[in-house]
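Same chain, two partners: subunit A is paired with subunit B first, then with subunit C.
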Partner chain A sequence: MIELRELEVMYGKRRVLHGINLTLKRGESLSIVGESGGGKTTLGLSIIGLVEGTVRGEILFEGKNLVALAEKELKAIRWNRIAMVFQNVENALNPLYTVLDQVSEPIVVHKLGDRNEATRRAGELLNRVNLPEGRFYAYPHQLSGGEKQRVLIAMALANDPDLIIMDEPTTALDALTKVEIINLIHTVCKERELTILLLTHDFYAASTLSDRMAVLYAGRIVEFGSTPALLSNPRHPYTRGLLRCYPSMTTTKDLQGIKGRMEFFDVGCPFHPRCTQSIGICREKAPRLEKNDGRFIACHRGGIIPLLELRDLSKSFDSLKAVDSIDLTLYEGETLALVGESGSGKTTTAKLIMGIFGATEGRIYLEGKQILGRDKSFYQRVQMIFQNPMESLSHRLSVLEAVREPLDVQKLGNREQRESMVRQILDEVELPSSETFLNKYPHQLSQGEAQRVGIARALILNPKLLIADEPTSALDASTQAKVVKLLLNLQEKRGIGMLFITHNLALARKISDRLAVMLKGIIVEEGPSNEIVSSPLHPYTEDLLKAAPTLSSRVHAVPERTSERNDGTGCPYANRCNKVTEVCFNEKQRLSSLSTHKVACMLCTATD
Partner chain B sequence: MKLPEIGTYAIAFLIILALIFLLPRMMPGDPLTAICGEEVLVEMTPELKAELVHRFALDEPLWSQFFVYLTGIMHGDFGYSYYYNAPVLEIILEALPWTLLLVGTSLVLSTVLSIIIGIESGWRRGKVSDKFLLTTTMILNGFPDFFIGIILLLLFAVYLGCLPLQGAKTPYSDLSGINSMLDIAQHLVLPLIALTLAQLPGSYLLMRNTMITTLKEAFVRTAKAKGLSEVAVRYKHAGRNALLPIVTTTGVRVGIIFTGALFIEIIFSYPGVGLLSYNALLMRDYPILQGVFFIVAVFVILANFVVDLLYTKIDPRIGVDNTEYAH
Partner chain C sequence: MHINYWTELTRNNFGKIGLAMLCLVLFIALFAPFLARYDPGEPSHAIFMSPSFEHWLGTNDIGQDIWSRLLCGAKNSLLVALGVGVFTTLLSTVIGASAALVGGLYDRIVMRLIDALIVIPAFIVIILVAAYVLPNVWTLIFLISILTWQGGARLVRAQTLSLKERMSVYAARTFGANKRYIVIRHIIPNLSSILFAVFIHSATRGVFMEAGLAFLGIADISTVSWGLMMHHALRFYYLDVWKWWLIPTGLALSVTIMAFVFIGHALETAMDPRLRVMEQEDWQ
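The block that comes next holds the complex of A and B.
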């Protein structure tokens, strides 16, 4: 129905839209999401020819190029074929005319009926959008925000258009009104088989009102695909950043921002200054929007890159399989929490990655390259922080020496440079960098300070991957909160990928994007943290969640051992599972995908 | 309009009355001269003096003088001009229609003109036509009110001789009906243009500015998106919203335009209230001056009252029924 080809809009010398290509079929709904100032409204206005800049490229509406059309022909298309629902801010309605007048105006102007007919139709539409009859002759200032938004919707419907562009139709509305408006738009659009272009920064509106979604950043589309796919699995760093900023009832991770602020670039990827995985080419050349795994992504690195990949990784100590052929992927800038009880093989996994143990079987990839041997450059990329900060720091090294040690080992910089780097990193982990503090020894530090020194030591080489093995379990609650916040801030700033090993599920969901639940060397369930927490599939995960701390006075029931049988051939949870069947004892279930999760359970796979 | 607002006008009116009453009595010298004008001295006899003192209650306290003054005004007694040898009211009523004709036409003309060129100029902001209008008005604005009048007089009445030099109608002519009206119109042209041009720049600049701000409002974009014609967007949506400040200032302008009329009437010897008060000033004919002050004050107050009434008609956000739907 409408197709944008290489659409460009310039305001003077400032290019606000860059090479936009989009197609919208009849009856489809597409949302354009992104921060304010990214060019959403410009995109909408350019379609009805009301943008004040110069427009290049083509906007094909049923084969006609709107960009080249004469003003007179455009006027005939406006509102008759393409209407717009404006955001209800700063006088979107004329304050001097009654709402009935304003809804009927386009009917009269486009000669679709005389005054009486127009008034009658306007009345019907206002009825349709549930505006109380008594308000028809009201002036805009006499209506509430929700009512004005209803009027704006009725007005857009006046001439029975085919395409409706909605510019932030739900912003600035309170929660209940917002839902009412979204439902109204939803039913009205279904009723009339309208094609919708929704411009919004509200993921809730986008998720309920659109089939497909395009993410617009600084005038370029950076990711484009089906709405549910983009929301559950964002692949462009910007999309992920936006979703991390958006509080919803299913968000579990603490809100994180995107570093820096939006700027427009003519050369290079517009997102590169804020991107934590940008490389040389990102600054020089803007990436094209390319098809990638069922969606379109504009990124030189093909979207968020996998930082660490474990493939069929196993470790046996004699007959004990401590880690039993696990597969895990950790993406750039995200936290993967590895959750499980003591002895489940979490720490062994960490040690396998660090090379403290050699793997019995399997491969480890770092940034796409298989790790065969670990030299100094490996430890510049991968660092670890430990459970007990006091013991992980040498008693004989001062803070300065401990934090500087990795630099000494890597022979980076001279003495003064190293010292200033130490001060800088101490600042970053919110520790004093005074002379007195630098000369302190571990026993003079508090637990929290010691763990921060440990974090500073790990981060001084600016690693991409941080393995954190129970980094807060030895700390008291307030110190733990501070350390967790610090880690999240560092992640936002540097894009560190974190493998966060913990037995505390309540903590894991606050810090992680994805969760992997480990039991007796195998991963029994893996997926986005919020979904694992809200709808666990594996009985073990369910039991872990039941046992997770709440502040109610209810006593938690611990699953009882239902059987003494466990020879290691079947499901590792078979002897404690209350849904156990005979098969569970005999056959080990492989991890298989189920909706957005991966789960290794006979019962879950069977019910699907 | 609500009652308290009418009350405000009543208070303003009373204050003006009190000022007109007090001013001559506070002037240095004989209050009698100040009240009756210097001409009275010519025929002053002790009897007359006694009678006048009694009439104005000058031998009584101030408040009873004010009471006498008020009762006088209620009966249409604005005093007696000894220069014209006639009651003040009679003389003012003779001059008033001319001034009302001049001021009224000029007020309407300058307002309508400034609205139209303000809307067009604001719409074309930055284009040649806008710049031309802006520059022309700025130059006009730089001249004193009477300067334009003198230039017009010299050009059209003296050199070209196509329009009458002075007065409001041809003296001693016995025109009637349509010819009389044409004659009056001919005499009106030059003073009217002079007064209107002097009034125009301020309103035009205000209108243009408001228009420019209004054009940035979201509802203008809505109107354009609805596929409305440019004229409808310009006048029905943007223009009508931009009108509000102009209407407000028109009330204020009534006072200013009377002052402007004073100069213009003098230049063109136009027999209105302005020329009358000029002559009265020269002759120290105080009763006439006080009468003129009073009449002008009444008109300014009336004009503001009308503007207030008008305002509620143009802007639904101001008015009595405001609370009906409010949340």
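The block that comes next holds the complex of A and C.
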């Protein structure tokens, strides 16, 4: 129905939209999301020919190029065929006329009926948008925000258009009004088979009102695909960043921002200064929007890259299989929490990655390359925070020496540079960098200080991948909160991919994007954290969740050992599971996909 | 825990006494040429003299001044102590640490070698060797060292094995550190307490063995050695001057050995946490 081809808009010398290509079919709804200032409104205005800048490219509406059309012809289309709900509710209405007059105005102007006919129709429309009849003759200043929004929608509907462009229709509305408006738009569009172009930064509106979603950043579309797919699995770093900033009841991870500010670039990827995985080419050349696995992504790296991949990784200590052919993928800038009871093989996995243990079987990939040997450059990219800070610090090294050790080993910088780097990183982990502190020995530090020294050691090489093995288990809650905040901030700034090993599900849920639950060397469930927490599938995960700390005074029942049988052939949870069947003892389940989760449980896969 | 050995030594009574005794012997060894009134090798005096104002401890069978020889003998004992101490510690460290670090077949071979060598009585072997070559002080140091390093090597190996598995060493490895860095920066500094103990024990044993061998007559006759002096003394036990040769020399030897033993004991107390606790309870 409408197609944008290489649309470009310049305000003077400033290019606000770069080569936008979009197609919208009749009855479809498309949302364009992005931060304010990204060019959303400009895009909307350029379609109805109201933009003040120079427009290049083509806007094909039923075959006609709107850019080339004369103002007179454009007027015939504007409001009759394409209507717009403007963003600023306060200024969009004329304060001198009653709302009924304003809604009837476009009908009169476009000569679709006489004044009486127009007023009658306006009344109908206002009824349709559920404005109470008593408010028809009110002036805009007498209306509430929600009511004004309803009036604007009625205005847009006045001439029965085919396409409605809605610019932030729900911003600045309170929660209940927002839902009412969203429902209204939804039903109205359904009954009139309207095509919607929704411009918004509100993911809630976008998720409920649109089938497809395009993410606009600094005048370029960076990701484009079906709305649910984009929301559940964002692939462009910017989309993920936006979602991490958006507070919703479905996300469990703490809010994280996107570093830096938006700037417009004529050359190079517009997102590169804020992107944590940018490489040389990102600065030089703007990426094309390319089809990639069912959606379009404009990224030189093909979207968020998998940082660490474990494939069939196993480790046996004599007859004990500590890690039993696990598969895990950790993406750039993501936190993957590895949760499980002690002895489940979490730390062994960490040590396998770090090369402290050699794997019995399996492969490890870092940024797509298989790790065969580990040299100094490997350890520059991958670092580990050890579980017990006091043990991992040599008692012979002062704080300065301990934090400088990675630099000494890697031979980076001269003495003064190393020392200033040490001070800088200590600042970053919120430790004093005074002479007295630098000369302290581990036994003079508190647990929290020692752990932060450990973290500083792991971070000083600026790694891309951080293996955090129970980094906070030795700390009290307040220090733990500080450490966790610190790690999340660093992730935001540097895009560190984190494998966060913990037994604390309540903590894991606050810091992780995805969760993997491990039991006796195998991964029994894996998926997005919010989904695992809200609807766990594996009985073990369920029990873990029941046992997770809450502030209610209820005492939780601990799963009892239902059977003494466990010869290692069946499900590792069989002897504690309350839903156990005979099959569970005999057959080991492999991890299989079930909606967004992966789960290794007989019962879940059988019933589905 | 970080242990400061000097403070530990000076806090312990045994340590204090041991250190004082060692200082005395060291002082004598260093300043013997100035303290001695005669050249210890000069045989120009009357023989078999009883103690007198001229010759405090008398003279021996060829007219050498015993007091001067006693003072100069300290140098020989300390030289042996230092030589055996350093050489044995070095051997123990290299062999023990390398066995622990390399591991595998090499480790097993070294350990069996140690088992085999530990049953060979060093004393007898040296007597046998001495039957062919009369050992001077350096040969003696060498012989004692290569026959007595096994115990130390075992200790060093055990300690290195445990050090190797320390989290701090793993942490260093995760920064990309190679073996050399880990040995120099993490293993050796942490071995220092063990090495010090091995050194003190070897030194004690060195002094004792040298004196013992010399007492049996196995020594270069030209060296001024306490053991040799006692050996000579017993050859003239039918004269009444022999006790002036024997008793002061024996005392000097005891003081030296006790100095080392006391220091060793104090160190052990400092390093063994169980002994530390007992010590504190004693105080209370």
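What we mean here is this: the second predicted complex is superposed on the first by the 605 of 608 C-alpha atoms of A that agree within 3 Å, B and C clash if a C-alpha of one lies under 4 Å from a C-alpha of the other, contacts with A are read in each partner's own complex, and residues count from 1 in each chain.
Note that a contact is a pair of C-beta atoms (placed from the backbone, for glycine too) under 8 Å apart; a residue touches a chain by one contact, two chains touch by 3 or more.
None of the values given here were measured: they were computed from a predicted structure.
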Fit or clash between subunit C and subunit B when superposed on subunit A: fit
Partner chain(s) touched by A:Trp79 [first = subunit B, second = subunit C, both, neither]: first
Touching partner for A:Ile48 - first (subunit B), second (subunit C), both, neither: first
Partner chain(s) touched by A:Ala92 [first = subunit B, second = subunit C, both, neither]: first
Centroid geometry (CA): angle subunit B/subunit A/subunit C, rounded to a multiple of 10 degrees: 130
First, second, both or neither for A:Gln142, with subunit B first and subunit C second: first
Contacts of A:Pro106 with subunit B and subunit C, given as first, second, both or neither: first
Least Cα gap, in Å, left between subunit B and subunit C after the two complexes are fitted on chain A: 59
Subunit C-contacting residues of subunit A that also contact subunit B: none
Footprint of subunit C on subunit A - complex, ascending: 351, 354-356, 374-380, 383-384, 386, 388, 391-396, 405-406, 409-410, 441, 443, 457, 461
Complex contact set, residues of subunit B against subunit A: 217-219, 221-229, 232, 237, 240-241, 314-317, 322, 324-327
Contact footprint of subunit B on subunit A as seen in their complex: 45, 48, 50, 74-80, 83-84, 86, 89-96, 105-106, 109-110, 135, 138-139, 141-144, 155
Of all residues in subunit C, those that touch subunit A in their complex: 1-2, 166-177, 181, 185-186, 189-190
